[in-house]
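Dropping the structures in below, format is structure tokens.
In what comes next, subunit A is part of two complexes: it sits with subunit B in the first one and with subunit C in the second one.
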Partner chain A sequence: MAENTVNLTIEGRPVSVPAGTSILEAAKTAGVLIPHYCYHSGLPVAGVCRMCLVEVEKMPKLAPACATTVGEGQVVHVYSEKALEARKGVLEFLLINHPLDCPICDQSGECELQDYTFAEGRADSRYREPKRFDPAEDFGGDVLYVKNRCILCTRCVRFMDDVHETTALAVVERGDRAFIGKAPDADLTQPWAANVVDLCPVGALLSKDFLNKARAWELDRTASVCTGCSQGCNITVEMRDNAVMRFKPRANEHVNKFFMCDAGRFSYRDLNRADRLEHPLVAGMAADWETALAAAAKALQGRKAHVVASPSLSNEALYLLKKLAAKTGATVRYHVAQGPEAPLPGVDDLALRADRAANATACELFGFTRTDDVLAGLNAGDVVIAAGDVLEGLGADALAKVGAVIAIGTLRPTTTVATVALPIATVVEEEGTFTNLRGRVQRFLQAKQAPGLARPSWYVLADLLASLGEKAGFHTASEAFDALAVGEAPFAGLSYGALALSGAVVQGAAAGAK
Partner chain B sequence: MGYPHKSHPRETAVLSKYFGDAEARTLDGWKKRGGYRALEQALQMAPADVVNVVKDSGLRGRGGAGFPTGVKWSFMKIGDGKPHYLCCNADESEPGTFKDREIMRWTPHALIEGCAVGAYAIGAETAYIYVRGEFTECIRRLNDALKEAYAANILGANAMGTGKRIDVYVHSGAGAYICGEETALMNSLEGKRGNPRIKPPFPAVAGLFGMPTTINNVETLAAVPHILINGAEWYKAMSLSSPKSTGTKLFSVCGNVARPGNYEIVMGFPFKDFLYDLCGGPLPGRKFKGVIPGGCSVPIQTMEEAEATMMDYEGFVAQGTMLGSGGVIIFDDAQSIPRMTARHARFYAHESCAQCTQCREGTAWTTKILDRIVAGQGTFEDLDTLLEMAENMTGKTICVLSDSCATVVVSALQKYRHEFEALITGKRSSSVAATPGAAA
Partner chain C sequence: MSAHTHAPYEPVFVGARKQELDDVLKRYPTKMAALLPALWIVQEARGWICEQAMTEVAAQLDLTAAYVKGVVSFYTMYHQHPVGKHFIQVCTTSPCLCAGADKVVDAFLEHTGCKELGVTSADGKYTVIEVECLGACGFATPVQINLDYVENVTADKVPQILAGLK
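For the complex of A and B:
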């Protein structure tokens, strides 16, 4: 490796990077963010915005940092007078036709044109001519194109062309008449198309779903994992007033690079549902936790249990469910909903997976039985423990003959068969881990408060186990995970803290793991 | 020049010898005039020897940059296992330039022969001639000539009976100035939008279809057969000045001049004699005011500078401009420099490919300010803004379209500032004669 390493100096700091690295990426390792618009780590280099111009000693002209590879002994000045003047010029050019409508622009607060103008731009404009005006255009799907704000960085075009590998967008016209054009009859309804909104550095491509809903600075952001399928894309949950406003993809080079699919993106809506189970129910009547847990323990007494698990529960919850099944002599069955697989062609091993559940891998690792008929083998008089909103799919008829039903879920049971209903938190209301289809264990954090008396799923299951006389002995998700890492061989060696925010891979999954 | 005027005795007709001679267009006629002897000779030489002859001749690119042709060819590594390509840049989109058009109209076989020799020299089996789409006659003439050349087995799988494959294709452009930029031309040829590419990689490493490519101007390639037949020394001897500028050069003359047209002279010819003797000087009753000597992308010269110029690569640079493509645009005392500058800027604003910010926005903004000045609404601050903007547009973009726009504005403002100021203060520019239609 040594001969492939290039040593250079960026802003006076020594940097060693692999040969072939761009100056822009090398600068990041030195903690210097060179301003840029068209460059994006997940897209091919275009070198068109000319914002990342830096001064490199012994080069006759300023160099675009995104398109210039590092050279041995280079000395790079990001903030030299010449470089600053050039970038100030670019900012002035970008702003001459850009409307100063930040107060009504959704991008405001997370706009790179705002940020860099504030950092390096002119305080005034010398532009005295009329600005050009074009009406906004609906690009279909979730995407609105506000032509006036477009700086033609072409990130969206390159994403659709080179990553989505679909002919949908192109630069149309020339000179200052140029704009992003959509191919006729090609609405941006492709499964990953809404990523263009995230990629747009300004307010030119906006989410119709998020339009005028919240300002960027009002949002509280929490790292999480998408539960839409078994890919486990890393996301940021963005909240306002205890409601989820949107999901944004969070970069993880092992899982989703910089992207997430539209189906996952809009799955946030399920987390704002009003029909939540907010307190335990015993025979349809509200109860406190002690009463409900006692009722559940009583229902299990002397009966055979039959556990149906949701494959979207956390590793911790599934681990406790396994212990619960062992205690009551039950088998655990789970059903994984299916949907069409939709790969993102330009990224290796990234797709909206057919398995539309976050944690089917953990179910498999725990030895649960995957089946389409989760009630198979159910005998009259058995107790059904339905964990994770799986009751609705089972139907009242099938459950008519059972002795009791313990429903553990986030939603109010619509059927009245539940003997005991225990309210749990949703994925954004608790913390824990999921295992994705490549065996990567990833943490999600708590973004909002659970409603009413609802408690984290691992907490409820630990309590239920305790009411059967088996003390779990842990009080946080972290302790639950560490117990799981000790108790379950595939998870051996993992610790909650060391998972950090990019996760780690379970034993034996390393070969196929990403 | 030979067409449409009679050739001037002080011209040296090499490339333009058969302009106006319809028989030279046909294969038989061309062969009678010595055609395809150079190709025959080249195919018997080693490619490296052909490159060396061209290198020795001192031939430099006639498209504008003046890069030594033989050196460019020597960048192509024969035997690297990749297909090589030769591109002939026949886009000739530089305003004021129309020399390649005449070569293609009258002597299409000269270009085809040049392409075939060039392709052989760089180890390519395929040459593409990218012709400006508006040049419909050129495209027709070239295709007719190609048909004849293939029928006579001059081109094809067994070129001249040597067993070597040389194919030449004519490709029509679609009407963009920027497609005369070499990498934009390659994108256009590949069927993509004609946007210039970031360099490096240079075409000799990754050009057309990502393969090693050499791109030469029409006039450059058309000169190669003459060099092979007559020798490098013969070509080198055709220079009145610097040994770095050799051979003959075609100049296209247009504007306010008595005899516009194409003129072929040896390098180092005095520009003063060229303007007043060959081109016949100004129109009756007029005086020359200035010249843009190398297509509209080079700085304007005052007459003082122009009259002191020796017409070669170094001579033009010594007098504050460049030889460029050899498109001489002359304007007399009836023309308004601000109005002409605004027209130039509008051209660049129209033709900017819209990739780089400085070019896309700068050319349009420059045009708007200049239009306002011409309309009598300008301010002195505008002149400062124009110059500072020009600084921001120079040396910061992928290609030089933005620099070209800035060049015109800066040279006009430096050399004819009083005309801009006269428009701003509302006083008629004293140097613009009263002519109906001339804005002042």
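For the complex of A and C:
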């Protein structure tokens, strides 16, 4: 055993962890969750809530598990009578002024105060005085502060101070009047500020966007990846009634730790659009898939193709698009929308990236041509294959002289010149992988039903290839990925199953890849 | 509050007061340690500590405005709102209440024209508040007016005390 490993016993279970680990983290490795409020793995330790008190043999007093490091031979009792009594007392104090308005509180169902009170708290309160009341305060950005529910854990203050490195919040006043206050002239409009809503263990900091929209227990949750930029933050898509209600960050220590930016958080709205292309179109008329694919194949016969890719398509779709381009002798062009870069200062290599697309890295790995004018080099009579809503905003005159347009997208083509339009699923309606800017290949899963006849993008492109005589029959995204891993050198050795939910890095990724 | 922020903010720490702050800073190992005396300088100069002043103090001491706000709001003796020229604090802890402190409070509210606790009189001269023990229980009821103590106050002495204020 390594020299810097400490052995101890937590709840009768032997635990070995590196020296310097807190008892709370050590207990996690033994499958014991010590109740806590102020502690969060992504923030500095404060030790203010006293909820994680545990009994350590030979220590005179109960110890806060978040701020006590492990010692050799320690014996920790999390559920001893003494520890339970102390935590019950802490909960009773926290609930003195807490309004217990769970039925109308957005946090209900995902509230740590609710959970721990249910697990360890008293059944009733001995407090008979009137509770303190303060009106809710708009903190700016997406954040609403409901003072009455606040337990002053200061996670939000520490996030803004130490992770966002923009001091906006502080504990003001004192005693039972204390609350979280904004600094003079400050608000929470910073690019990563809405993370305080996720960090808040109770219903004190709420998302204004999500306010009163759904109960936590009604939501179906699916692991996915944010498509807002090339960072590829891991997210959970939370759905109700086939509509996306919100995005929440999903922890991935290699990519986004526990956080996601506000721009990514609100990109879910695009996924609930009602103006979707729901069935294939041939010359503007609804058609079935066989007719549409035959029409596309016919349009391509004897003509040169001009392929434009969206950098927001999955690895699988882009790989098949590359094969399609090779079949028709064309290069693939793509354009990446740009925006200002917004780093989260306290976390290494985490930012809202300037490349506002999920998969520009894969386009680069596949050797596609990055350009601002995706129609450059287009000759009269060419067939434009536009994959992934890339014709949005282009005037009909730009495409006036082309032989045909095959538009593959989620939205009705805005130009009327599309010879064939093929409906595909959005990121939350299909399965697949993206490659982030550090070369990490990450899976996203299907959360939502695609509308009408829309099909997954890899499925549509494989069918299109098949209609041109290429053998490319895949039944699942996993099969398409395996073909990609065989066909493309950077992806060699990766397997869909082994990617799991934290991803894996492509061959030869840039130095400093995570 | 808005009524008090129309005029442009004039910095506190210029000239003699900047010198005063520099002298204070010499007494402490860190700039942060001088926060409380720096806030006293502001309160003496302006009568209360507005948010711009908190920002100014923060800049002077390399702190954040949020931190300064936390400290100002923690201590009850820093005023976060304008108060009258004479800030009258009446002790209403148990021994003083036994000695009739509540009647002293009523008399101050009536004779100053403040009418309500914590409200500044229309002429801007007086603000009356109740405070916890002033540590002069043997001289109940003590009243602290700005930095001065007046002891053995009874309701009938109030007009005379007010007349003596400049």
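Here is the rule we use: the second predicted complex is superposed on the first by the 510 of 514 C-alpha atoms of A that agree within 3 Å, B and C clash if a C-alpha of one lies under 4 Å from a C-alpha of the other, contacts with A are read in each partner's own complex, and residues count from 1 in each chain.
Heads up, the rule we're going with is that contacts are C-beta pairs under 8 Å (C-beta built on N, C-alpha and C of every residue); 3 or more make two chains touch, one makes a residue touch a chain.
What you see is a predicted model; the values in this text were computed from it and never measured.
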### Task
Kindly classify A:129 by the partners it touches after superposition: subunit B alone (first), subunit C alone (second), both, or neither?
first
### First, second, both or neither for A:173, with subunit B first and subunit C second
both
### Message
Quick check on the superposed pair: does A:67 touch subunit B, subunit C, both, or neither? Answer first, second, both or neither.
### Response
first
### Query
Is A:93 contacted by the first partner subunit B, the second partner subunit C, both or neither?
first
### Query
Between subunit B (first) and subunit C (second), which does A:186 come into contact with in this model arrangement: first, second, both, or neither?
second
### Query
If you count the residues of subunit A that each partner touches, which comes out higher, subunit B or subunit C?
B
### Query
Common interface residues of subunit A with subunit B and subunit C?
170-171, 173-174
### Message
For the complex, give me every residue of subunit A touching subunit C.
### Response
157, 161, 167-174, 181-186
### Message
Could you list, by residue number, the parts of subunit B that touch subunit A in their complex?
### Response
176, 178, 193, 198, 349-358, 360-365, 368-369, 372, 381-382, 385, 389, 391-392, 395-398
### Summary
Per the touch rule above, subunit A residues touching subunit B in the complex are 45-51, 53, 61-62, 64, 67, 85-86, 89-90, 92-94, 96-97, 126-129, 151-152, 170-171, 173-178
## Note on the structure
The answer for subunit C against subunit A in the complex is residues 51-52, 54-55, 64-67, 69-70, 73-74
